[in-house]
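Below, each structure is written out as structure tokens.
One chain, subunit A, links the two complexes that follow: it is found with subunit B in the first and with subunit C in the second.
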Partner chain A sequence: MIEGARRGLIAAGLLAPAALVFAILFVWPQLGLFLQSLGGPPTFSRFLGDSYYLGVLGNSLLLGVCVTLVTLVLGFPLAFLLARAETRWAGLLLLLTTFPLWVSAVVRSFAWMVLFFRSGVASRFLQGTGLVAPDFQLIGTFAGVVIALAQVLLPIMIVTLYAVIRGVDRDLEHAAMNLGASPAVALWLVTLRLARGGVLAGSLLVFSLSVSAFATPSLIGGARAHFMAVTIYEQTLELLDWPFAAAIAAILLVISLSVALTYGKLLGEKTR
Partner chain B sequence: MTNSADLVLDGLARRYGSTTAVARMDLTVAAGELVALLGPSGCGKTTTLRMVAGFIEPSEGRILLRGKDITTMPAHQRDTGMVFQSYALFPHLSVAENIAFGLKRRGVPKPEIAQRVARMVALLQLQGLEARLPKQLSGGQQQRVAVGRALVINPAVVLLDEPFSNLDALLREGTRIELRRLQTELGLTTLFVTHDQAEAMAISDRIAVMNKGRLEQLGTPREVYERPATRFVASFIGRANIFVSRDGRSEDGIPLDGPEGTLVLRPERVTLDEAPAEGPNAVAGTVDLLSFLGTGTQAVLRLPGGRQLLVEGPASLADRFHTGGPATARWMRDDLVALPAE
Partner chain C sequence: MSRDGFLSRPLTRRTALTAATLPLLAPSARAQQRFTGREIVATAFGGPSQDLIQRLVYDPIARETGARGTQTPLLSANAFARMRAETQAPQIDLFMYSGGQQVAAKAGDLTQKLPDAPNFANVPANLKDADGQWIAWGLVTEGILYRPDKIATPPRSYRDFFKPEFEGHIAFPHITNGYGTDFLVMLAKTFGGSEQNIGPGFEALKRISGRANIFRSAAEVQTLFASGDIWIMPYDGASAMRSKAMGIPVSYAVPEEGAPYVLLTGAVAKRSRNADIASFVLNRHLDPEVQTAIAREIGWAPVNTATQLPPDVAPFMAPTDKLANLDRDAINANRPAWTDRFNREIAR
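After this line comes the complex of A and B, so read on.
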């Protein structure tokens, strides 16, 4: 009994600093934000009743899904190879993949802009394939934003997946192959099943960072960047409608949180 | 013997950079035979087994399974059933699903899968545990699931990598007897890796003794024990007193009546008495240690030259002699077994 109480105290003590910081720097401002959104004319109904704003929300969610899928598809093979590489260099290679994170979002976006303008290499390449109009440019397009965001978020996906795949015993893949599964089937039935937690965690991180991203969408998306964070910025600094900006922020938070909770539940089910 | 060779290793070798994990190994396992790969840790047993399974590419040599060259065949197309040292059970699949895994990959019809899994479950006494996950099983149960998963596919050769090393002593002995019974009943061609010589002696048809990547001797348990081919085999399989005999004397001056060269004298061949040592094959010394083993007594006799002579005798040795007291060791001419010249 006393032992249990002591343990509870220790746990509370260990949690207290983080909880305090979280409460002061996150919960309290968020509450303030929420209260602010209630001041003045109805804001939530304005957002939810306006097809333009719903479109912005849809755009942001679609962006999140696209970036998550792109980073997952590109990141998994790389993370798998790094995790299974029998070389001392694997750690260094992993470090190399995180380089995009070391460069400021503004600098990185400017670099992408150079490539994405009508005369830029990336746009030129697409014009060359004949799949797009001759005057096509990636700048200002949804695809351009997805590419630029995927580049910076890919390392987060890779690092998350790498850690989880490393944790899957290689002999499990061997056992599957020994029992007649081709390497691809072994990967699907064993490694991917066991790395599911990592896939979900990586997706969650990338998704939430994508839907709330500001710098890359506004720089690459330009005037047509109808995304949540950009809209919040406009409402706050250009239109000075703080209650409405606060409402959009609250809606974004609720959406992100519900995605997080759903993912969390899926994660929980995995460890039955 | 008209037994066909099921598994043939032909000059099989594996190098890692400058280290040789397995050096040009020749080994034949007959149909229905259990061969143990025996040797100390790091001698290349696992590497050999994994080359057969197809997880490690040989640097040299060939592997034939039922007459077919499988050296370059991908692992999943080879017909081998492996039991891993750590079992490698799929943690997200139930016992029944683990056992059914190989059958599913082979496209066996569902009713037959259920039937064969049930038979394996019964054979390995896993009834009632079918729906459990591996982590909900004891070590011994996990081991049986691993065996069942490998056997249910009727592989051309069963590969076992130290399958008992994670079991406690009591369970280990029972399990290895069970496995041997199963292996003989089903007529399974088996390659079995162990570092435990008692285990290898107990259940193998033949033992392949390995040292530093090299196959030192291949023979029945009695052959490797009674006629060891090398000094290493003599001291690794059982215990041995080793003399180098020249002109009727050992290197430390003990008079020997036997062949010349390197000689092996097994401890159980040595008798102890109180009479003075006279003539060859007898030497007096001081009892350094007497340990009662239940089935007998083990004695260590310190000889004037500094050698510690190992002796194993009846339990009564402990009554007749005492630590620090004198004793004379004796043996017969036939007890001195010469090693082939190296």
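After this line comes the complex of A and C, so read on.
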């Protein structure tokens, strides 16, 4: 009993600094924000009762899902290769994948804009495939925002997956193959399953960063980008409707938290 | 708000040259050392314009009159807050505004009458206060920017945005950019509406918005023109001048409906004891040589009608008799409603 109480004390002591910082810098301001959203005319019903604002919320969530899927599909093979590469260059290669994070979001977005204009390389390529109208341009489109966001968030997915895949015991894969599994089946049944924690962590990071992203959606999406962060910015700085902006921020937080929790729960249950 | 972008532009190469030659012009013997030992504190818009004005206005005045000038960078809204907070004991004498705050300042009894100065008479009546409480010393003039290599006949009217050959080559700023709001209002006026009847403006905007590029930030103007896809947009003449300096062929046209504008004004805090120096400082801002230098280096159009702009600068600004006076109070009151409507109907 005494041993247990001591352990509890130690755990509380270890948690205290982080909890304190979290409480002061996150919980307290969030509470303030929430209280602000209650001032003045009803803000939550204004948002939730308006199909335009619900569309904005839908756009942001869809953006989060698309970017997460793209980074997962592109990032997993790369992270797997890097984790299994038996070369001293692996570290350098991993470092190279983080390059997009080193460039300012604004500079990176301007570079994408050049590629996305009607006469830009990316738009030209799509026009050449004949799948889009001859004057199609990626700038100002949902797809353009997904591409640009996926580029910057891909390293986060790769680094997260890399660490987890490296931790997967290769002997378990060998054992599976000894028992008759083909390499593909071993990858599916053993490696992927054990790496689920990484998939979950990477997805949550990418999803939360996507739904709250501002600079890239605003620059690539232009005026036609109706996303939550852009709307919050507009209400705060352009229209000075702080209660409404606070309400939108609170709604974004609650919705994305519930999506993240549901996702985590689903993935967690499957692991068991 | 979003217009503050134009206040922090890099200088061109010619600045040093202009700044070096101007102080040689006409130091008034009459004013010799008459403000010795005194100091004036003024707000400024920061960046290159502040440096230029320090060299062209405050430094020479310090040499000629002994009055030391200190500029402190403050955006207009913050400057107005300071003016109000320090009503009883002002720390700043001269306030420079770009967002129309001088009107509220006068209405709130925060300003005092400026002692008259020779250049004030050359400023048109609509650009200065009838009671002498504030005066404009510069203008940001808006109008139509276009690529002369793509558009043979220079545009003359806001109606030109509806020419079929421009379809797919038009850009315009989002309504949260001040120029975007002014474009909407000018379209309304062109098609029979007004600040009070904005409907025709939205109808007109809807006709071009489908295939137009709607942008948010001032930094995108050059990128859009450089892309080659965009041939025409409503913006300010200074941006055309800057684009041209960067090697992108962009010209400016004053629409026949008039050029909307942003006023740059000066007003003195009510209890300031340095109104005489402030008036002297504003008068120097209005010297034709200084007006020309500000136009050339920063892109702000002169308000002193005696100013003769050189031929490489004049085409990028609207003269004071071609301005369109918009009802800013009505615009500000309607902004939230218009933004909402713009997001739903135009930026789709």
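Note that the second predicted complex is superposed on the first by the 251 of 272 C-alpha atoms of A that agree within 3 Å, B and C clash if a C-alpha of one lies under 4 Å from a C-alpha of the other, contacts with A are read in each partner's own complex, and residues count from 1 in each chain.
Operating definition for what follows: a contact is a pair of C-beta atoms (placed from the backbone, for glycine too) under 8 Å apart; a residue touches a chain by one contact, two chains touch by 3 or more.
Note that the structure is a prediction, hence the values are computed from the model and not measured.
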{"item": "Superposed partners subunit B and subunit C on subunit A - clash or fit", "value": "fit"}
{"item": "Subunit B versus subunit C as contact partner of A:L93, first or second or both or neither", "value": "neither"}
{"item": "First (subunit B), second (subunit C), both or neither touched by A:A163", "value": "neither"}
{"item": "Degrees between the directions from subunit A toward subunit B and toward subunit C, using C-alpha centres, nearest 10", "value": "150"}
{"item": "Partner chain(s) touched by A:A122 [first = subunit B, second = subunit C, both, neither]", "value": "neither"}
{"item": "Subunit B versus subunit C as contact partner of A:L253, first or second or both or neither", "value": "neither"}
{"item": "Touching partner for A:L192 - first (subunit B), second (subunit C), both, neither", "value": "neither"}
{"item": "Partner chain(s) touched by A:A105 [first = subunit B, second = subunit C, both, neither]", "value": "neither"}
{"item": "Which of subunit B and subunit C A:D171 touches, first, second, both or neither", "value": "first"}
{"item": "Which of subunit B and subunit C A:L62 touches, first, second, both or neither", "value": "neither"}
{"item": "Least Cα gap, in Å, left between subunit B and subunit C after the two complexes are fitted on chain A", "value": "49"}
{"item": "Contacts on subunit A seen with subunit B and repeated with subunit C across the two complexes", "value": "none"}
{"item": "For the subunit A and subunit C complex, residues of the former touching the latter", "value": "52, 110, 113-114, 117-120, 135, 137, 139-140, 218-219, 222-224, 226, 234, 237-239, 241"}
{"item": "Parts of subunit B lying in touch with subunit A, wherever the complex brings them together", "value": "53-55, 74-76, 78, 80-82, 84, 86, 88-92, 101-102, 105-106, 133, 149-150, 153"}
{"item": "Touching residues on subunit C, where the partner in the complex is subunit A", "value": "1-2, 168, 174, 176, 213-217, 219-220, 223, 227-229, 335-336, 339, 343-344, 346-348"}
{"item": "Contacting residues of subunit A [partner subunit B, same complex]", "value": "169, 171-172, 174-183, 185-186, 190, 193-194, 272"}
